[in-house]
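See the structures that follow.
Both complexes below contain subunit A, partnered by subunit B and then by subunit C.
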Partner chain A sequence: MAGAVLAVPAIGFTTIFAVLRFANFALAGHMAVGAFAGYLVNSWLGLPAWAAVLAAFLFAAMIGVATDHVALRPLRGYRALTIAIASIALNLMVENALRFCFGNAPRNFAIPLRRDLSFGPIHIGPQQIENAIIAGIAMMILFLFLSLTTTGKAMRAVADNPALADSKGIDPDRMARIAVAIGMGLGGIGGMLIGLDASIDPLVGFRSILSVFAAAVVGGLGNVPGAVVGGLVIGLAEELSLLALPSTYKAAVGFLAILITLSFRPRGLLGPRGV
Partner chain B sequence: MINYFIAMATFGTIYAMLALSLNVMWGMAGMANLGVVGFYAVGAYFSAILTTTVGVPVALGLFTAIVGTAVVSAFTTLGLTRLRDDYLAIVTLGFAEVVRIVAENETWLTHGTDGISGIPQPLKSTLGPDFNLVYLVFCLAVLAAIVFALERVRGSPFGRVLRAIREDAQIAAFSGKDVLVFKVKAFAIGGAIAGLAGALYGHYSSYIVPELYVPLLTIYIFLALSAGGVGNNWGAVIGAFVVVFFLESTRFFVEIIPWLSAERLAAVREFTVGLCLLLILIHRPRGLLPEPLPRLVDGKRGET
Partner chain C sequence: MTKRPSLAITRRQAIAGTATLAASPLVLPSFGFAQGAEPIRLAGLVSLTGGGSAFGPNDRMAHQAVIDEVNAAGGILGRKIEYLAEDDETNPEAGVRAARKLIDVNKVVAIMSVWASAVGTAVLPLCWENKVMMLAIAAADSIAMLPHQGYFVRTQPHTELQGREFANFAIKRGAKHFFVMMPQTPFTDSVMKGIKDQCEPKGIKVSTLVYDAKKSSLRSEVEEMMRATPDFLMIGGYQPDDIVLAKDVYRANYKGTAIGFAYGLTPQFIDGAGKEAAEGIYSIEPVPAAGSSAYARLKTMLKRDQLDTYVCQAYDHVNLAILSMAKAGQASGTAIRDTVRKITNDSGVKVDNALDGLKAIIEGKEINYRGASGPCRFDERGNIVEVEFRLNQIRDGKIVEVKS
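For the complex of A and B:
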């Protein structure tokens, strides 16, 4: 269940990596942006969860494209690692802008508490099921977009071979913008879903970013179906780790999963860049 | 007031060591280590645990911190340096977080979130109030020795190979250099310096706690190195002092802008750190002191 929620921002991360070829650490801040956008729509305007999810996507996508245009676009063509470090700087700015506006105190969504559903020995919160369904719908829309629309196909072409795509008249700038919008938007949904399960604050994305990276890396950086598989693997591994380790070690599971996967399959489970 | 300046200078010196450590890995060899703070923590805990729980002399604690962190650093990267650089960046970030989580949870060893207190301060009883000044001079001497050593490394064949790997690892490998060995060595050297810096901090403040070792510190060090000049040892030192000066001077803003809450002020400060790093990367990618590159045979300067 948690794996499906993890898969959404992991797809976002991997999509940006597939098209722009750098690890965009600003995803953490944009997860928080999405979480706060969803929170405002849900708690202040009193709109239902689906509207909050939509707001999380749109807001994170818009801010993602805007900040990318100002902060990271001037660095295109530099080494991938330099851009990655710039994205860390950008992330710090986004998180602290949120902190300035909303403060550090955790906030909760206005959703009623519900009894857990029991299937024999297994207990599942209804929120987790809803989250998994929302995550599933978001992923389905993305797959339809990538496989059916012209823009989606163009994006896969850029991910596959940027030089060839360029020579075919595909505008790399436009594709970059769309990739960032999708990536950060999905990050926003992911941040909101994590917030629905617990609470939100400006570091809501940062706390789970290692698990998100782990999901993307385990699946193969730049590989969208891989990110789904990776998300499920990491989600399951984190839950299972609770049987053997104290819950505070949950954050270390992703790290271990990366080490183990890369030792045996240096390109991740499904290999790199198959969008 | 003079004590305050001595304390700041000591922090500046320790930050300078961290910036130099990063300069070996990122500046010279081109490997992004987002976990500098993890190696800093490992060194601090090595020396703190040995000198408090085991009770060895401070000198041995420092020595163990250097060697121990170098070994940890080499092992962490041993299996990973053959991977893409992006993976290394993510894994080192994860490494630092894991170090912090272990320090928070393994209470029997690290006292958890309470931290380790009563770390011996060398010669404190003999020196009394002069301790801070003498310790600063000692740290400055260590810093000078590190800069001297790294300048030798930079000009040596070893340093040249690291630069070659930074520019194009494949060509370096093609010229018969064992890229993996050089990368692991660069990480071991960098790790040793970060570990020493961590141990020196512990014996100065006499108290360490896991929450000191957050990823934000790594960003400060990246800012210091980028501001000073990636690849330039002197730049790393100057950048570190500039960053400490900036971070400290923002403390006094509280008095100037009293209507801003402490939380918002911290947000503004960290926002500014991010902004500065971004502006430097975009507008002055080579920093205040660009890396001095050797002249080519025909007299043209090398380009990076």
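For the complex of A and C:
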């Protein structure tokens, strides 16, 4: 379940990387933007979860495009590391803007508290099951978009070969905007799903970004199906680690996964050769 | 013919004269300034936001109410008292920034009612280095063990003592396996030690788990606890992480007894966690002197029917600071340090507020300050020596006192 929820922002992260060729760590702040947008729609307006998920996607996407236009687009010609560092600064600004508006106190969605379902030694929360279903639907919609629509195919062309795509008349700026919108929107959904199971605060994305990045790296940076596989692998590894190690060390799983992947298979499980 | 001395001022003389005039305040005695003009500054470093925000605003109100009362009667030592309150955000970094401002810019003589142990630990060195008195609530044993040179007293019982109260609860209720879950704080070790030292000799197994209080879900930690199958659980965090933990414990179908610190299991906790998750959880807190005249007086001042121990302690902090300075005849942190144990003299006139105490001091009498939180007597490390505890339980969304 945790892997499915992790896969959604991981796909967002890898989509942006595929098109724009840099690691956009501002995804963490936009996960929080999506979480708060979903919270406002659910708790303040009283709308159901599906409306909150849609709001999370749309708000995170819009804010993502706006912040990218202001902060990162002017740096497009620079090295990937430079833009990645700038994305960290952007992330801090987004999180602090949220902190200024909403404060630090955790907030909960207006959903009833339900006990876990027990299957022997395995406990699964009903919300976790719902989150996995929502994550699955979001991923399915994305795959259909990328496979069947002209815009989706154009994005894949830019990801595969930017120069060739440009020569065929595909507007790289437009593709970049769409990639950012989709990436940040998926991040927003991810933030909201985490918040549905727990609570939200301005750092909800920051606490998950290491696992998200690890999922994208393990799956292969730039590979969308790889991000799904990576999310499931990282999610499973984090849960299984609890059988052998205290829960305090769960966060180290992400670090270890990145280390092992980059040491032995830098392209990730499904990434292209030469990455 | 004799040349008359010139009355014209030369440029050299003008420069020398101006420099002397400008430097004179630095070298002349300060009696040139009226003693009543410079106020005595007392500070409240309170938690207006963060985990302690349920208590900080009330503490500030208590400080301000007492100071207003004293100023209306003319202040002390011929000077008014100026009160400054800063928010430590229940966070040591913010607490240190605020304390630096209070000490370096505002030149306060005392910092009162620091609530969180992490903030107290971080701020106390600034206090003793600058001879500023800290009158605190922060309860971690380790704070009193710092080399504070006497610039520290606290009215909250220290945490090993509190740990023993939790242990006594488990022993009385026949616990078999007590699982203690706490965030990383300066008092985590001492509470866990207090529980183990009491429980293990009685045959009660004690397991401990320290969690990261910043996480939005503690599901993994709760799974680890459930695998241990305890019958007693300590939810030992502050309010925000108690909410997260209580919800995850409820989801995991924990059926045993749960207990925590009362400062984390507040009415706001019940709102945040929900009635179902909060139902049946016990809490322990030090008891204010609810039968005392100081408590009654404070209820009237703040127009409240009931008071928590922290606002009572805040009331006592400001009274102790004011009465100590008046008794010493000097407004400084050192004066408070040297005199705070002399205003609870058994043979003195019993007083429960600053005004009556000041009156007695002016008349040359010894005083015995009896506070709203208790008798306010401190040992050489600054720990309170007399304390009682109360056991509460959450029933149907309300916190009720129960017999231990």
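Convention: the second predicted complex is superposed on the first by the 271 of 275 C-alpha atoms of A that agree within 3 Å, B and C clash if a C-alpha of one lies under 4 Å from a C-alpha of the other, contacts with A are read in each partner's own complex, and residues count from 1 in each chain.
The criterion applied here is as follows: contacts are C-beta pairs under 8 Å (C-beta built on N, C-alpha and C of every residue); 3 or more make two chains touch, one makes a residue touch a chain.
Remember, predicted model here, so these are calculated numbers, not experimental data.
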Which of subunit B and subunit C A:A89 touches, first, second, both or neither: first
Touched partner set for A:S118, first subunit B, second subunit C, both or neither: second
Greater subunit A contact set [subunit C / subunit B]: B
Which of subunit B and subunit C A:G169 touches, first, second, both or neither: neither
Partner chain in contact with A:I200 - subunit B first, subunit C second, else both or neither: second
Touched partner set for A:G77, first subunit B, second subunit C, both or neither: neither
Partner chain(s) touched by A:G46 [first = subunit B, second = subunit C, both, neither]: neither
Contact residues common to both interfaces of subunit A (with subunit B and with subunit C): 103-104, 246, 248
Complex contacts: residues of subunit A adjacent to subunit C: 103-106, 108, 113-116, 118, 123, 125, 194-195, 197-201, 203-204, 207, 239, 242, 246-248, 250
Parts of subunit C lying in touch with subunit A, wherever the complex brings them together: 49-50, 209-212, 214-217, 219-221, 223-224, 226, 240, 243-244, 247, 250-253, 272, 274, 276-277
Sites on subunit B touched by subunit A in the complex: 30, 32, 34, 79-80, 82-87, 89-91, 93-95, 97-98, 101-102, 104-105, 216, 219, 222-223, 226, 263-264, 266-268, 270-271, 273-275, 277-278, 281-282, 285
In the complex, subunit A residues that touch subunit B: 17, 22-23, 71, 74-75, 78-82, 84-86, 88-93, 95-97, 99-100, 103-104, 210, 213-214, 217, 221, 246, 248-249, 251-252, 254-255, 258-259, 262-263, 266
